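For clarity, chains are labelled A, B and C in written order, and residue numbers in each chain start from 1.
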Amino acid sequence: MKKPKIGVYNCHCGGNISDTVEVAKVKKDISKCPGVEVCETYEYMCSKPGQDMIERDIKERKLNGVVVASCSPRMHLDTFRGAGKRAGLNPYLLDMANIREQCSWVHDNKQLATNKATDLIRGLTERVQHLEPLEARNMPVNKDVAVIGGGIAGILASIELADKGYKVYLVERDPSIGGHMAQLSKTFPTLDCSACILTPKMVYVSQHPNIEIIDMAEPVAVSGSPGNYEVDLRIRPRYVDKEKCTACGECAKVCPVKKVNNHEEGLTQEKCIHLPFKQAVPAAYVIDKEHCLWFDKGVCRVCEKFCKGKAVAFDQKEEKRQLKVGAIITCTGYQQLDAELSKELLNGWNALSQYGFGLHPDVVTNLQFERLMLQGMHKPSNGKPPKKVAFVLCVGSRMDHGIQYCCKIGCMNAIKQSLLLLKAFPEAEPWVFYTDIRAHGKGYEEFYSKARDHNVKFIRGRVAEVVPDGDHLIVRAEDTILGRHIEETFDLVVLSPALLPNTGTSELSKMLRVDLGEDGFFLERHHKLRPVDSKMEGVYLAGCALGPKDIRETTIETMATASKVATFLGRGEVSVSPEKAYITPEKCNGCGVCFTHCPAKAIESTSKGVVINSISCTGCGVCVPKCPAEAIDLTQSSDAQLLAQVKGTIEGPGESPRILAFLEKTTAYGSADLAGQTRVPYSSNVRIISVPSTGRVGSKHVLQAFASGADGVILIEGDDSQFREDGIRDHVNSIKKELGKFGIESLRVISTTTTLPQYDKVVNLFQTFDERITKMGRVAPEKRHKIAQTLAGGK
Amino acid sequence: MNKHPSNQAVCQTDPSFIEEIRKIPGGDKILDCIQCGVCAGSCHARFAMDYSPMQILKMAHLGLKQEVLSSSTIWICASCYTCASRCPRSLNIPAIMSGFKHMAMKNNVKAPIELKPKFHKAFTEIVGKYGRMHEPALQLKLTKKTSPRQLLHNASLGVRMLRKGKLNLKPSKLASTTRFSRVVEKTLKEET
Amino acid sequence: MKYAYFPGCSIHASAKEYEMAAQAVNKQLDIEFVEIPDWNCCGSIDAVHAYNPLLSVTLAARNLALAEAMSLDIVTLCSACFFTLSRANNVLREDAAMKAKVDKALAEAGLKYSGGVKVRHYLDILTNDVGLDKIRQQVKAPLKGLKVAPYYGCLIVRPTGIQKFDDAEHPMSMDRIVGTLGAEAVYYQDKTRCCGASLVITDEDVMLEMAKSPLLTAKKAQADCLVTPCPMCHFNLDAKQKDIESRFKIDIGLPVLYITQLMGLAFGLSPKELGLHRNIVSPSKIVEKAKASSQVPTKVS
C-alpha cells in the first residue's frame, strides 16, 4: 500500500461548528494521527480561500487522500471533490466527516462534541487511507422526456423542452390538459384572464411536432435507471375516437343521462357524453363510464346513433403503453380539501362542516366562486346577485395536527375575488376574514392596498362558524384587533380550503422511488440549492406537486426543471457511478448464494462464471457479507475501508459508552441530517457511519466495532430501500447470532427503517438505545479481547 | 387619567407564569397559540367575559399573571370545548382555564364573583363527604355568597322541584363510606 | 348487551325520569344495565377539577375500578359524566405520575384500575350497538307529524379526542333516531350550543342568556319540542325555561324530553313509566300526539 499522506481540513462553518467543537484541540489531536500529513482549520472551507487551501496542499504536499471535516457530504461532497480534481486528486480519494449536522448542531456539551468530532474525523482518516482512485463511466442516454401531469406546469415544461429540440410525452390523467388553471376566471395581481393566457399554450402544445399528448393516461410502473427509464402507462378508453370527433355536440344533446360537471366544481350538470370544457385539448368528447346506461344496464347508445362522424366507439378498450425516456418531470399538481380528505387528515374532523359547506348552497369554495364568476356571478340558491359576501380563509389549513402548512394563495385569491365582485357589482360588500394577510409576491402588497382602497372590509379573526339561517348565512368571528365579537349576515360565503397533494401522489412517489415530505407533497433534494430535483437522478419536480404555490412560481419552477433536464440529457450520455460490487474470480466457487440476495437482480451466472452487471448494480453491497468465500467486495465501501473506519471511529479514549450507528447513506443518513438541521439534540455517544445499505454491514464489521470499544450498534435502513424487511430481519438475526458466540447480548444491536422526514423517529431511537446501553453498562474487556483475537487469527 | 384596561401599557409581567402554566396538563402547549381568534369567535359565553379566551392566552404569554387570575373570563368558561375542537394548534383551552381557576384559588386571588370559587370548594367538600352530590347541602353552603334576591329565587325553584319529586332532602350516601373516606383522605394528603 | 351502568348524581334527583324511561326502553331493546355498586360522583366536569385536580381524577377512577371489577364497559346517560369519566381514563393512560398517586389512593379502599374499561354514552350504544333498524322495529306509535329539535349540547360531541361516534359540528345520531321514531328532526342553528351548564348556580344571568338561544331557534324552526341526552342540559332548558321567559319577556313553551322518553312514547309505552309527569314544561301535547298516532292503524306493508 502506498504511504498515506492525508490532508485533514476542519471547517468552523462561521461558528456553526466552532462554537461547539473546539477546532484547535481537534487539529492538535488529529495532527498526531498516523498517516495525517497536515491538519488545517478555516472559517468557511467551502469558500474560495478554503478550497484554494486544499488544492494548494494537494499539489505542494503531494497528498494522496483528503478528509474535509465540515457539514454533511450531502451538502458539499461534490464541491470539495471538484477542488480535489482541479488539483489532480482523484475525486474518490476525498471524503467528508459530518461534524455539523451530525455533531455540532445536535450536541450541547462542548467537551463531548469535541471528542465525538475527533473520533469521527479519525475514523475518516483511517478510511481514506484505504481508498482507491476510481473513474466514472459514461453511458448513452435516451433523449426523450416524459412529463407527468398536463396542468400549467406540465404544459410549460413540455414547451420549454420541445422548443429546445427534445421529444416530450405529456401524460395527462384527465381527458383534457389544462388542470386547475383552466377553471380560473382572472389571475392575481394583474387580473389577466386565465383562459386567455393558458389556452394559447394548450393549442401550441397540441400542435408542436415534438410534443405528444397522451390523455386518459397514468403511469402504473417505472423501471430502468437514470437516462434510461421505462414508464408503463395505463390508458383508459374515452369511448370516442379523437381523430373522428369534431366536437359538434350533437351527441350531448340527445344523451339522457345528466351528471355532476367537474369542471364547474359541481355547480352545474353535464351529460354523460361531454366535452371536458369548451377549450379542451384534445377537443374531443368523452363518455363517463360510471354514469353511462350502456355500461350500467346495457341500453341506450343514442349518442352513437346521432354522431354523424361515427366517432362514438363503445368497443374501445383500456390500453397499455411503455414510454422509453431519459428523464421524467412530475407535474401532478394539487387537489382541494373536501370532507373525506379532511376526516382522513385531521383526525376525523370535517373542517368544512363548521362553515356550513354542504348544508347550504350559498357556501362555496374559492374554485366554485371562479366558476360562478365566469357563469355570471350569482347565488347558487336563487340565481340572484350576491350583495354581502364573506371570504373565509384558512379552512383546514395551518392545523398543527394535520395540515400544517399555509395554502399560500388563499389571501391573494380572496383579495382578487373581492375586487372582481366589486367590478361586477359596485354596491357589493366583500368582507375578508383572515388570520394573516400573506401578500408576499411581486405586486401583491400593492394589490392588497388596492383592495383596501376599494373599501373591502378586512376582519382579523379566524372564522368560528358559518350558520345557515333561512336564505342567509350568519358568520361568527372575533375581530381580534378590536376585541369584539362579530356576527354578520351574508348572502354568499366563499371558503379557502387547504390545498393537498393530488390523488395518486403517494403511489407515484413509490413508482419513481422519490420521497414525499412531511406535508405529503413531493420532496425536493435540497430546500435552497436543489429545489426542483428529486432524490432520484433524472426525475424532476415542478409546480404544486412540490407544494401549493401561485402560477408565477410554478412557471419559474418549470423553467428550472426544463433547464435541469437539458443539462442532464444534453450531452447524450450520463456518467455511471464506479461505486459497484465486483467479484474476484479466483475466490469465487460459483455457489450462487449472492443471486438470491441481490435486490436489483444484478448478478447472474454466465459462461465466464458469476458476473455482476455493473449497470443494474446499484452498489448497495448486500451481496458482500453474504458470500461465504468472501469473493465479493464493493468499491468505495470495501471491507478494508469499512473496517478501518469502524476502528478509527470507536477506538478513541474516553469513558462514555460508545454506540456505532450504520446509516444507509441516502434516506437514513439524510434523516439524521434533518434532525441536525432542525437542531433536535441527542446523546453524543452515538457515532454515525454512512454505508450504501445496512445490508453491506456484515458480522465481521459489527464484531470489529465491539472489539474496538463499541457497546451498542444501530442499523438504520431507508424505508424506500430495495433491501427490505424480511431481508433486513434475517440479516440482523444472523449478526446477532455471531455476536452471541462471544457473549455479546442481542439487545446490544438494534435495527429499524425510516423515511426521510421521520427524523423524530431516528432521534427517538438514538435516545432510547443510548439509555438501554447506558443501563446495560460497557462490554467487558475480556469479551472484546476474545473478539479481537478471533478476528486477527481466523480472518 | 383614563385607566381603561385597553390603554394600559404592558407591565408587571411575571416570567415564571409560563412555567407554572406548563405544569397544567394541556398547558405545555400554551406558547403554540398563534392568536388566530377562533376560540374567541366560538366561545358561547364570550359576551359575558371581560377578556376573550384569546386575550387571556396572550396575556399569559406576556406573563400578566395578576390580570389573568383576576379576570372574569376564567370563571365564566363553561368547559363546552367548542374552542378546543376548532383550535388549529389543538390547545386544550378549557383545561388551561381550569388550571387558572385552580391557581387563582391557591394564590387567594379574589374572583369578580366570590360565589364561583366558593362553588368549587363547596361541591368538592360535599362530594368528598357523601360520595355523591346533594343539592340542598350545596345551596346551604353557598348561602353566604348568594344575594337575598337570588336566595328567594332559588328557594322558589327548589319548592317547584320538590313538588315534582326532583329534589331529595336527604343525601344519597355510599354504602362503603369509611373506605371511600380513606381514598379521599389519601388524595387530599397527596394534593399537587 | 350488558353494560356497567353509571347513573350520576342528577339521575337520582332532578333527572329520575331520564332513567325511568331508559329502563323501560332498555327492556324493548335487550339492553341490560347493571348499576355499578356504590358508585360515587364522577367529579362533574370542572366542579371538583378546578379545586383539586388530583381528587377529580381519583373520584372518576374509583368508578372505573369498580366497573373493571365487573368486567364490563361503562355506559352513562349523562354527557357530563361521560366526559368526566373519559377524561380521567385518558389521563390515567397518559400521565404515569398521576396514575401512581391515584393507584395509591384507590388501594386504600382495596381498589385497583388497570385501564381496561371503555366509557360510552347511551346515545353511542343506541347508534352503534343497537342500531337504527332494531329501534325502528320497536316503534308501535310512530310520531308522525311531530317536529323535534334534537339538542345535543356540548360534551356528547366535544372534545373530539374523547368522542368519536358523531360529527362534532353537525351531529346527526339523535336526528336519525328521531327519524326512526317517525318524527321529523328539524334543522335549527343551535343543536350544539352550550346550555350554560353549572353557570346556572354560579352566574344565572349568563346561563339564562346562553340557554335562551337553542330554545328560540328551535321555536323559530317550528319545533314542537326539544329532545336531549343530558340531565344538565335538560334542567337548564326545562326547569329554567320559565325563568328564561320571564327574564327576557318572551314566550317559549317548548317541552323538553329526554331521548329515552321520546323513544318510549314511540314504542307505545305509558307516559307514567316514562316519567313524563316529572317534566316541568308540560309535555302533554306530545303525549297526546303519540296517543293519537298509536290509535291509527299501522299500514300493512
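In this text, a contact is a pair of C-beta atoms (placed from the backbone, for glycine too) under 8 Å apart; a residue touches a chain by one contact, two chains touch by 3 or more.
What you see is a predicted model, and the numbers here were worked out from it, not measured in a lab.
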Original post:
In terms of CA centres, which chain lies closest to the overall middle?
Top reply: A
Original post:
Across the interfaces B-C and A-B, which one involves more C-beta pairs in contact?
Top reply: B-C
Original post:
Distance from the CA centroid of chain A to that of chain B, rounded to the nearest Å?
Top reply: 48
**OP:** For chain B and chain C, let me know how many angstrom lie between their CA-based centres, rounded off.
**Re:** 23
Subject >> Interface hub residues of chain C, defined as touching at least two other chains >> reply: 160, 168
Original post:
Tell me, which residues of chain A touch at least two other chains?
Top reply: 349, 354, 465
Subject >> Junction residues of chain B, two or more chains touched >> reply: 47, 82, 85
**OP:** Would you tell me which residues of chain B are touching chain C in their complex?
**Re:** 25, 44-45, 47-48, 75-82, 84-85, 92, 94, 98, 101-102, 105, 113, 115-116, 119-121, 123-124, 127-128, 131-133, 135, 138, 142, 150, 153, 157, 160-161, 164-168, 172, 174-176, 179-180, 182-188, 190-192
Subject >> chain A-facing residues of chain B, complex >> reply: 6, 32, 34-38, 40-42, 46-47, 51-52, 54-55, 82, 85-86, 88-90
**OP:** Mind listing the chain A positions that touch chain B in their complex?
**Re:** 349, 354, 394, 398-401, 435, 460-465, 476-480, 483, 485-486
Original post:
Within the complex, which stretch of chain C touches chain A?
Top reply: 160-161, 164, 167-170, 187, 189
Subject >> Partner chain B, residues of chain C touching it in the complex >> reply: 9, 12-16, 37-38, 40-41, 43-55, 58-59, 62, 91, 95, 101-102, 104-106, 108-111, 154-155, 158-160, 168, 192-194, 196-199, 201-206, 209-210, 239-240, 243, 277-278, 280
